[in-house]
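See the structures that follow.
The two complexes that follow have subunit A in common; it is paired with subunit B in the first and with subunit C in the second.
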Partner chain A sequence: MAEANPQPLLAVENLEVAVAGHPEARILRGVTFAVNRGETLAIVGESGCGKSMTSLSVMGLLPAGVEKTGGSLRLDGTELPITDNRKMRKIRAARIGMVFQEPMAALNPVFPVGKQVAEVIGEHMSLSRSAARARVLSLLDQVGLPDPERIAKSYPHRLSGGQLQRVVIAMALACDPEVIIADEPTTALDVTVQAQIMRLLKQLQIDTQVAIVLVTHNLGLVAHTADRVAVMYGGRKVEEAPTRELFLNPQHPYTRGLLDATPHPDRQRRGGKLLNEIPGTVPSITDPMPGCRFAPRCAFAQADCQAAPPPEEGPAGHRVACYHPAAWAAQDKTEAPQ
Partner chain B sequence: MSMTPLLHVKDLHCSFKVSSGMIHPVRGVSFDLHRGETLALVGESGCGKTTLARCILGLQKATSGSIQLEGNEMAGLDRMQLRKFRPRVQCVFQDPFSSLNPRKRVEVLLREPLDVHHVGPKEERLRAVHEMMEKVGLPSEWGRRFPHEFSGGQRQRIGIARALMLRPDLLICDEPVSALDVSVQAQIINLLDELQRDLGVSYLFISHDLTLVETFADRVAMMFKGEIVESGPAREVWRNPQSDFTRRMIDAIPVPDVTRAAPPAFRPDAAPQDKTMTES
Partner chain C sequence: MSTSSRSRPWIFLGKRLAYGLLAILAIAVINFFLLKMAPGDAAEAMAGEAGTATPEYIAELRAQFGLDQPVLVQLGHFLARLATFDLGYSFRYGEDNVTLIFDRLPATLMLMSASLLVAVIGGIIFGVTAARYANRAPDQAISLVALLLYATPPYWIGLILILVFSVWLGWTPTSGMVDVLAFNTGWAHVVDVAHHMILPALTQAFFYLAIYIRLVRAGMLDVLSLDFVRVARAKGISESRIMYRHALRNAVLPLLTVVGTNLGGFLGGAVLTETVFSWPGVGRLMFDAMFARDLNLLLSILVLSSAFVVLTNLVVDLLYVVINPTVELK
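Take a look at the complex of A and B:
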């Protein structure tokens, strides 16, 4: 898909983000990805890998004390003015919508939710009051909330987590954005509600061709909702592939480690341990290690892994940043009984 | 297994007053838990699983029903009477960040349970602390550090070590890994598994994650609106769910396997569901 379209809708190239005044504290170390219309890209990784910083960069919402130090962010070919808040305000919600992890924290507790959705519309669309009101009700209906009239008048604390997340999605959709960035949109929700929310996002995508960037650590969610997956570790993208390819033929040891550590029904216990763990913890962002940032935890690391960061290689569809991709294949062969 | 279960809960009810009236989060729950066994309690938020755990810990008074630890009744006891049971039932909490006092060094945190319950001679307590730290995979020289110097997974190891200091018979784990990343989650689950085989402790494992429970627990009890609607061997419940609630939950779980079809609840093309299914 990426090859067919010469210009992706959202293109992030070599994005570098660091702590302001501390260029050695590199949070993102050159992240590249692109999303097309109607496509879902999942960004996967564990806490501290930089996935949330990536989505905040695109929104121009990097927290104080953190700044972009390099690379480019383009929407439909035009560089995003992420440091110019006035210009970014015209893009946020209007062209890029965002769904946050905690719906309760994303909404203002002292205003009815309908008013908060209307505020987004008022900011970006020139609609009369009654037209804006009608749009709020139709949005609330579109995201599957029963009795939109009543919901619109409700304050956030009167609604359940799933209902609040639907309201947040309604806000993200309010101005027909081209891209939705959903940062852990269902992490705070029960599984049945999670399924409803993901199904809703999928349906909206079919209807509107919106591009979705799904930031998550839940590989199960990724397996059933994403078209492509980018795996991040230590501020870098370590692997990117179409979803099916990534799950069936992972190349990076970290990707494989993540897949193996995820509980999986019907899988037999391997050896004495219940789950395959990845030993150790993620490196600190200030850790100056010159080589691959996964090397200290990697069972397949060799001398060259410590020397310099591995470049991203492989065919356009399946990129991997590893000197010894799928190194376990050789090992499995020698260990196999026949 | 012995005739008397370690924990026997019979027709337990718990209700209390809140500003909007009476609520009744636990409605007649019964189950047995044997020595060295792991029973998982699975349900969605608000189903009463944490209230049930609080009743067993004696932190919440049950309205009626019976909680027996090796045949001894715990329900209805007052604080002083409960004191002798507390060392035998301990708890690991969900959030390893808020459940440790940030102003105390780890070895003090781990010693506290021994001090409170006057276990062993004072001079030997620190040695017991260091032994336990090694057991849960923390170097004993880290005992002088403060909680903020540890990662989430390491803090959960501290939480587990602290809960095990009194060598309880029963450990209640309330969502012990849901705040952790998957690779760290795997480390903690493997640790709990090893500790159980080593110490023979029983786990009441509270979770909303049925796929994890299927791997980790011996038996599972599915809780819905304050009642246990289904229970059985974990694998059996996963493969052959009997109740509507369990079936609906399994239908919504995205299994990380691309060779399977997406769960029905995920597919926009599947039959539409009642949109207010679990919401009120």
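Take a look at the complex of A and C:
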């Protein structure tokens, strides 16, 4: 996948995560992806597909009762010590920053936000108090907050969701990390603020060459900001392609289903449905089905789909885990073109 | 802007003080009638002790103390004196009630602060530890001990502590506040008092320690499930810092409220503890006043205690503003 760079910055390979003591409850069933410097990879999928677990694995912050059961997580070629909290602490925020979903809940209500940004700097950088303070102010300025002096002294309940998310981004950026994992960074925000936050992340990426892993279920967001997209379903990656390629030429029936499941006024005008939903529900993590996990909901599933999980195939830039990629192409030709 | 209410604490203070005064007045009146309903009075008790309990002598004593007047007139006198901060005179001790109480107050306050400190600091340390190892061995041990301390009556704990540490082991004195025969001065006196205080302070602390452990544990578990704790972990800071700085700072807010309301309870507990350990404090004085039917003294103690509780609760509310930035005075 990494044509330009032989060694990707962050490489996740065959990551498997399961409920501790219940190896049959597999949350991630072999997830592989890689991100390079200055690149944005989006991980998309519906709730429960394992995208958040993937990002928490990278941080070594899997919740209690969930553990990594296989695969590797490498940062710049070195395996991440995700089970060693002491070593992982030196990597969190210092080399991998994280932006969370709920900015309103992400900051401690009893400390001014400036202090909370300063805490990261104090933990990972040896700066004097005044230098740390100056850095906090310049970070708050960098993330586009007006009057950093006042904001730094404010308690979280005095700031808006958008302002808080900027503070959280400042916190994630504070130690110049190589990677930022943004887990649904705009889900809790207004649409206009969403666009501002994504533009901010993009600008910061241009300035610092930070790699961004954007975890989201919002395809609109992905289309505007990601370089590449990995689609996850049922604990597996089903398709990965450059953003434009994925939107124009999806190969996996699930990817197509996702794209179809965005509201389409055009389609409605032509007499179709506003929204084409995917029938059925996500399989349970304990469901032992041997084949493709999407098969029960797939309109194009055939007998071979039930037998074994489909391997990832295709050219380096566009990989898909499906026995019958783009199976609808044949149907579309026989029917009237859209 | 709501900031203005933060900068206008005087209105809040004035309101609270007015309510406090009303509460103290109500407590004084109710206690006055309660004590009047109790059988016996100071005259009977004194006459009984003197051994010359002729009705004439008792009547003479009553007239001397004003006890022969109608109850409402007595109440009027009492409230009128209260308004001038005059708490009256104890015929039994031959001393002003205020002097009596304030002589004993330091001993009580010292014991109270010591046990309060033990309960709060112990509650925080054990509560945080229990939450950190929730449902594992350390938590189970701490929770079991807390349950035992909670369920055991304090006076019984006091007697057992005396039995074990004073009688069997001989480590601590059995009672009193100082070694009267040693005539210690300076530093030696301080050490002596501290030595005497260990058992009564622990006795009084244990019950509250149990409550605070459970409260801090529950509060910590609540806070630890919040998002900002995970964000704090993602910052790479240490687990102890997350516990004691990020989580505890939020979890002590309910503790502060409960400690505030418990201060009255500490005073009430002083009666038992000070009696068991012969600690020369206000609680002991109250106990003695009760037996001697020195209702005037008893009433004075009750009024002063209620004033103390009202004031400390006000202080706790003010502290809340300092410790919790989202709370604003109204």
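As a working rule, the second predicted complex is superposed on the first by the 325 of 338 C-alpha atoms of A that agree within 3 Å, B and C clash if a C-alpha of one lies under 4 Å from a C-alpha of the other, contacts with A are read in each partner's own complex, and residues count from 1 in each chain.
Everything below uses one rule, namely that contacts are C-beta pairs under 8 Å (C-beta built on N, C-alpha and C of every residue); 3 or more make two chains touch, one makes a residue touch a chain.
Small disclaimer: the values here were computed from a predicted structure and weren't measured.
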Put subunit B and subunit C onto subunit A via the superposition and say whether they clash or fit.
fit
For A:E13, using the defined touch cut-off, is the partner it touches subunit B, subunit C, both, or neither? Pick first, second, both or neither.
neither
What is the contact status of A:R92 with respect to subunit B (first) and subunit C (second): first, second, both, or neither?
second
For the three-chain arrangement built by superposition, which of subunit B and subunit C touches the greater number of subunit A residues?
B
Looking at A:F100 after the superposition, I want to know if it touches subunit B, subunit C, both of them or none. Which is it: first, second, both, neither?
second
Is A:N218 in contact with subunit B, with subunit C, with both, or with neither (first, second, both, neither)?
first
First, second, both or neither for A:H157, with subunit B first and subunit C second
second
Which of the two partners, first being subunit B and second being subunit C, lies in contact with A:D141: first, second, both, or neither?
neither
For A:S47, decide between first (touching subunit B), second (touching subunit C), both and neither.
first
Min C-alpha distance subunit B to subunit C after superposition on A, in Å, is 5
Mind pulling up the subunit B residues that touch subunit A in the complex?
44-45, 151-154, 181-187, 189-190, 193, 208-212, 214-216, 238-239, 248-249, 251-259, 262-263, 265-268, 273, 275-280
Under the definition above, what is the set of subunit A residues touching subunit C in their complex?
59, 61, 85, 88-94, 97-98, 100, 102, 105-112, 119-120, 123-124, 155, 157, 168, 171
Show me the residue ranges of subunit A that touch subunit B in the complex, using the header's touch definition.
46-47, 144-146, 160-163, 190-196, 198-199, 202-203, 206, 217-225, 243-244, 247-248, 257-259, 261-267, 273-279, 281
Which residues of subunit C touch subunit A once you look at their complex with the stated criterion?
226-228, 230-239, 246, 249-250, 323-326
